[in-house]
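Look for subunit A in each of the two complexes below; its partner is subunit B in the first and subunit C in the second.
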Partner chain A sequence: MSELHNDQNKTPSAPSGVLGWLADRYHIQGLIDYLAKKEVPSYRHSFWYYMGGLSLLFFMVQIVTGILLLFYYTPGKEAYSSVKFIVEKVEFGWLIRSIHSYAANLMVFFVFVHMFSVIFMKAYRRPRELTYITGFILLALSMGMGFSGYLLPWDELAFFATKIGMNITESVPLIGPIMAGMLKGGPEVGFDTISRFFALHVWGIPILMIGVLGAHLFFIQVQGISEPDGFKALPVEKQKYVKFFPTFMYDDFLVWLIALNGLIVLAVFFPWELGPEANVFAPTPEGIHPEWYFMAMFQILKILPNIGPLESEHIGNIIFGLTGLILVLIPFWGEKRERLVSYFTIAVLAGLIIFSILAYHAVGKI
Partner chain B sequence: MSDLQNDPIDTIKRRKFLTYSLRTLAGVWVASLLYPIVKYLSPHNKEVTVDVSEINLGVKELAPGAAEPFAFGPKPAILFKTKEGELKAVSAVCTHLGCTVVHKDDLSAPPIPAGHKGAGFFCNCHLGVYDENGKNIGGPPPAPLPEFKVTVAENGDVTVSKS
Partner chain C sequence: MNFPVWLAGEGFIGFIFIFTKSVFTLTTLSAFGAGVFMAIGEKRALFDSHAGYREFMKKFTGFVLFIVTALGTVSYSALWIFYILTAPATLSTIANEFAWVWILQGFAYLLEVGSLFVLYATFNKVHKENHIDLAWSFAILSLITLIVSNATLSFQQSPGHWINTLKFEDAWFNASYLASLSVRILVSLQTGGIIALLAVSTLEKGKLKSEVASFAAAFVIYPFILLPFAALWFLATIDPVMVNNLASGFSGVESGNLSVLTRFTFLSVFAAVSVFLFTLLGAVINADGFKKAMAFWLVVLAFIAAGSTEYVRTLLGNPYAIAGYMYNNGVKLNDADQYSDGFLSKSKWAVIKEITEENRLAAGKELYTFQFSGAVVSGGYNSLLELAGEATNVQETLDLINQIKWGSESNLYTAYVPSFLGNDDEANALATFVAWKNGKYEASKEQLDFLRKLETNPSGLVQ
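This part shows the complex of A and B:
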């Protein structure tokens, strides 16, 4: 009874239990107070705030399913047979692999949506430049994960997709051939390439991602979530906020639950296929194309002409490189050019969509 | 209807019912996630038969005092001939913590702890010592090495089986 009484005398935010035990020993009281007070603006467009969280959810799904796949997967010569074993022999192996493939695509998708929504809401503005840049790096790393993971099953599509990717890498002036050589581990894409991509896919890129992701989330926690102009322009009494703990967190979990169930439904009813084993000397199959997030680039590379001394893939490299550079530097364009940022981003988004549609049309999928 | 809603006891009952239902549902959901993972992680390598009861080693010419390792299913075992010329076989899995023992002609030589002599088996992990018949005589092993039944057919074929 007296204990209960003591509890009531404490300040409302003083924690008990495990948190209290920790707070007694480490200086975390400030952090606890901060998180208890943390609020998130609530308005018409606040559902865009879930996009980053969804990207995070799929990243965590990738870690769990990736570790599970590692229990059976073997890189090198046995790559294809080990994936075949997972899909055909191991109980629920098809499901784990299917979830891993779908979640990879959904992660890239939500990272894209997250980036575009952040640009349109102008959340990249001072003081959030580094949050934006770390986010952009995470997008690049996600695509790197997609590309490196794609080769690992060593089926026909995987082989040719990597071959094309390596040729593009090779066409980068000066460093291109050296980089491509280091990635391939031999004169051609082969079993040595699988081992190298495997190392990058399960350790190299993930460890970078976890570090950059840590910084990204830390920046967000320290600065709080950005409030768009429309929200700030509202009269103060109309600016609604919800508590991060527990309201926003529970909302976030609910969105995660729905997303996770959607993912499982996809993986169960439309299991990801495993193509025939790659044959290095067989002709490239008809209508071959990369994953959707490389489709626009794929189409642009197909239609680019050779101009003077520049071959088409050089022009492609210049276009993709410049677009990326301009996008990553958006926070530094200056306040006066914010309208230009929006136009540029709309143009990039429109370009991505149009060229992707053209690309799917060209391979007869639309 | 409104009476029912305002009845405090009924409201508590309903809330309790909803809480339990929700928790049950959450439990079922988590279980349905864990079930495939547990199944996925269960051992799958069925090419190695774990349950071996007999193995044919073919013709074996061993001199008295000599030994030869062989695989009894997935586990190591040792076939040996005593000085008296009897063909025997024991499991080579140390009864202490499962290392693989080695057959020794002379138990008095290092690294075997002093105080033993003659032929026998020795485990390098924790210095377990067994005599020529596989009986634990030194170090931590709690039990003798399990012995197999060895039969030699007329044509010299050696068959080892669980005794």
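This part shows the complex of A and C:
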């Protein structure tokens, strides 16, 4: 048995330092012992385990920078001028806004990577169905956070991209018009829409996210991190583990530190731009497009034809809805269809990449 | 202008230059820190019962030998080639002032490398106590090299009284000499610790790894605590204009208008703090688990910190090669008056001597190349093209060039670009070229043909 594995079998000793101080006063020894016993497989694909932690990091960055932006941001008619004030007058305002915007995009990116890695490593299998489903809900909520936050600066790009998004929402069969009406707060995207998106962005979605995230983390803590087939197939003496606490946790912090450096480079060297103020009466400028994670859908909707009584947007919504449903139900496909799950996921991933590239090409960005 | 200008190209070559400079900075600075680590490390190995400790110290000495000799020498040679080609006038002035310093520096470096060879070759062949003395000898010789090289580097940043006295001792003991030396010594200890951590990451898990990792981490952590004080001291000793340049970028900046200097300062500070935190989390709190991947990322972070700090240091000095004495285009401020009635006619390496309508664009390019291309990249560190970016035509560009003309009292950009040297016709040619480069002027076919000839066959145009 490896040296590492031997370490796991030792009885956790009484903590010293800050933990010891806390353990003396609050009965946390049980928690420390529990965490000390938890272990994470250590092998060549272990780096995928950091993707969830990175998503969490960027979520936390968004909360902190979002609170700072709230000190100055005013929804409604003054939305644009308040963002301009943040960017141009408030000390380090441009930096906070840039970090907030990049962290939002990086969070969605890492949630995507995390979800696909979970599917390919088959970590959705019994008994982790709920961990997977809560993760999938977090992806949807992250995209919702991105969509609702996109409008808030009320610049040209934000306005027209949201208008396109609202048209798509409106075309969802049955509930679409009601949903779009509730979100817009009137017949068109306007200042009332900003207030509603603001409420969703600052309160509604974050509260939901914190709740679902809590459940997601709870499931992981209770069930532990899954061991992929490749790891289980290794001879027992080669199956190495590291303690979750403190080894894996410290490693996670180091990965966070590197990610924060990447974030600061992006924010400092390529500050998030603020375009001209939105003019609701102006025609849609050329090259308007949504955020990168909606680009594939944007392109698919553009190329879909009308079929009989169904308009292209209806067909698109049915395709997206079904794809989402199939993905969320992956844990229930059964072991016999695991290969099919992999093929389906590869097809979805390839589709997302190819249609995104086509979309960027169509708007002249590549 | 007694020297030709070699344009290294934009972007990538500039990056290679900063990369090479960062390698050089890290490797040369690391020598003293690594020397102290080896001397104290060997002493600790004497009292440590673990047999592997001394073996580790031997391997580490070999590793330092490779870094100081191979990486140090290659990057040093590459930098010399860069400087000779891109800043010959500056090099010539420093050589005149610091001939003895450079000889001394070269001699100290040879002794330093020699002592390192001896240190490595005599492991387990001389008495252990004597070997520790050899390690101290290497550390002291490395410190001497650091002290000497610091004189030339700090002189460029703050020549102080030397501008008036031109005395050697004023050049050596310039205003920022001691402050910059303290910064370099602290960074040297840190880089020594980082190199030691790189070696530690190869050790097997266990008591020895844990012990050496904590010891090496101390070299990174304790100097970091002192570093902000040394940095503030350094800022207090350099020209206040440079400090203002640094400070003005920090508040109320519009998105996108943030100066390059401010961006790199942010990066430098953030990367330095990250190095500290990375070491604390990876090599102190979890010393036993310090892995190769962690060491790799630590070096990457240290590299970013060193690279961005070097870049900030270079930017702070602009537009001077020697502050208040010589512009980074090689023109001494004392010689500037003589160019008021014409620059091209007095420039030895200029192809165009008289400006016509046909060669106006090409003449503008020559003026731009000689005066504003900076030390390394054709855009310059502080680009005139960027400064004139908002001008909408040749006339507006010309207004700006007249504002930065030598002797102009309304020049707001003395800390940004060198003053323009030349007559009115040359100012017009430069404005034409800058406006054309920024897409604000449509050149005639004849002008473009002439420019092409200048770029492809300049010798055929010599007037």
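One rule holds in what follows: the second predicted complex is superposed on the first by the 336 of 366 C-alpha atoms of A that agree within 3 Å, B and C clash if a C-alpha of one lies under 4 Å from a C-alpha of the other, contacts with A are read in each partner's own complex, and residues count from 1 in each chain.
To be clear about the criterion, contacts are C-beta pairs under 8 Å (C-beta built on N, C-alpha and C of every residue); 3 or more make two chains touch, one makes a residue touch a chain.
Note that this is a predicted model, so its numbers are computed, not measured.
With the two structures aligned on subunit A, subunit B clashes with subunit C.
When the shared chain is aligned, subunit C comes close enough to touch A:P246, but subunit B does not. Using the contact criterion defined above for the overlaid structures, shared-chain residue A:L254 touches subunit C, although it does not reach subunit B. Of the two partner chains, subunit C is the only one touched by A:V87; subunit B is not. In the superposition on chain A, no contact is made by A:I366 with either subunit B or subunit C. In the superposed model, A:L68 makes contact with subunit B only, not with subunit C. Contacts of A:M60 after superposition: neither subunit B nor subunit C is touched.
Of the two partner chains placed by superposition, A:I178 touches none, neither subunit B nor subunit C.
Partner contacting the larger number of subunit A residues, of subunit B and subunit C: C.
Within the superposed three-chain model, A:I96 lies in touch with subunit B and out of touch with subunit C [touch as defined at top]. Only one of the stretches 2-10, 20-28, 38-46 or 146-154 belonging to subunit C has C-alpha atoms clashing with subunit B in the superposition, and it is 38-46. Residues 89, 91-92, 95 of subunit A are contacted both by subunit B in one complex and by subunit C in the other. Of all the residues in subunit C, the ones that touch subunit A in their complex are 205, 250-256, 258, 263, 266-267, 270-271, 274, 277-278, 281-282, 285-286, 289, 294, 297, 300-301, 304.
Within the complex formed with subunit B, the subunit A residues making contact are 68, 71-72, 89-93, 95-96.
Those residues of subunit B whose C-beta lies close enough to touch subunit A in the complex are 36-37, 39-42, 44. Of all the residues in subunit A, the ones that touch subunit C in their complex are 3-4, 87-89, 91-92, 94-95, 97-98, 242, 246-247, 250-251, 253-254, 257-258, 260-261, 264-265, 268-269, 271-274.
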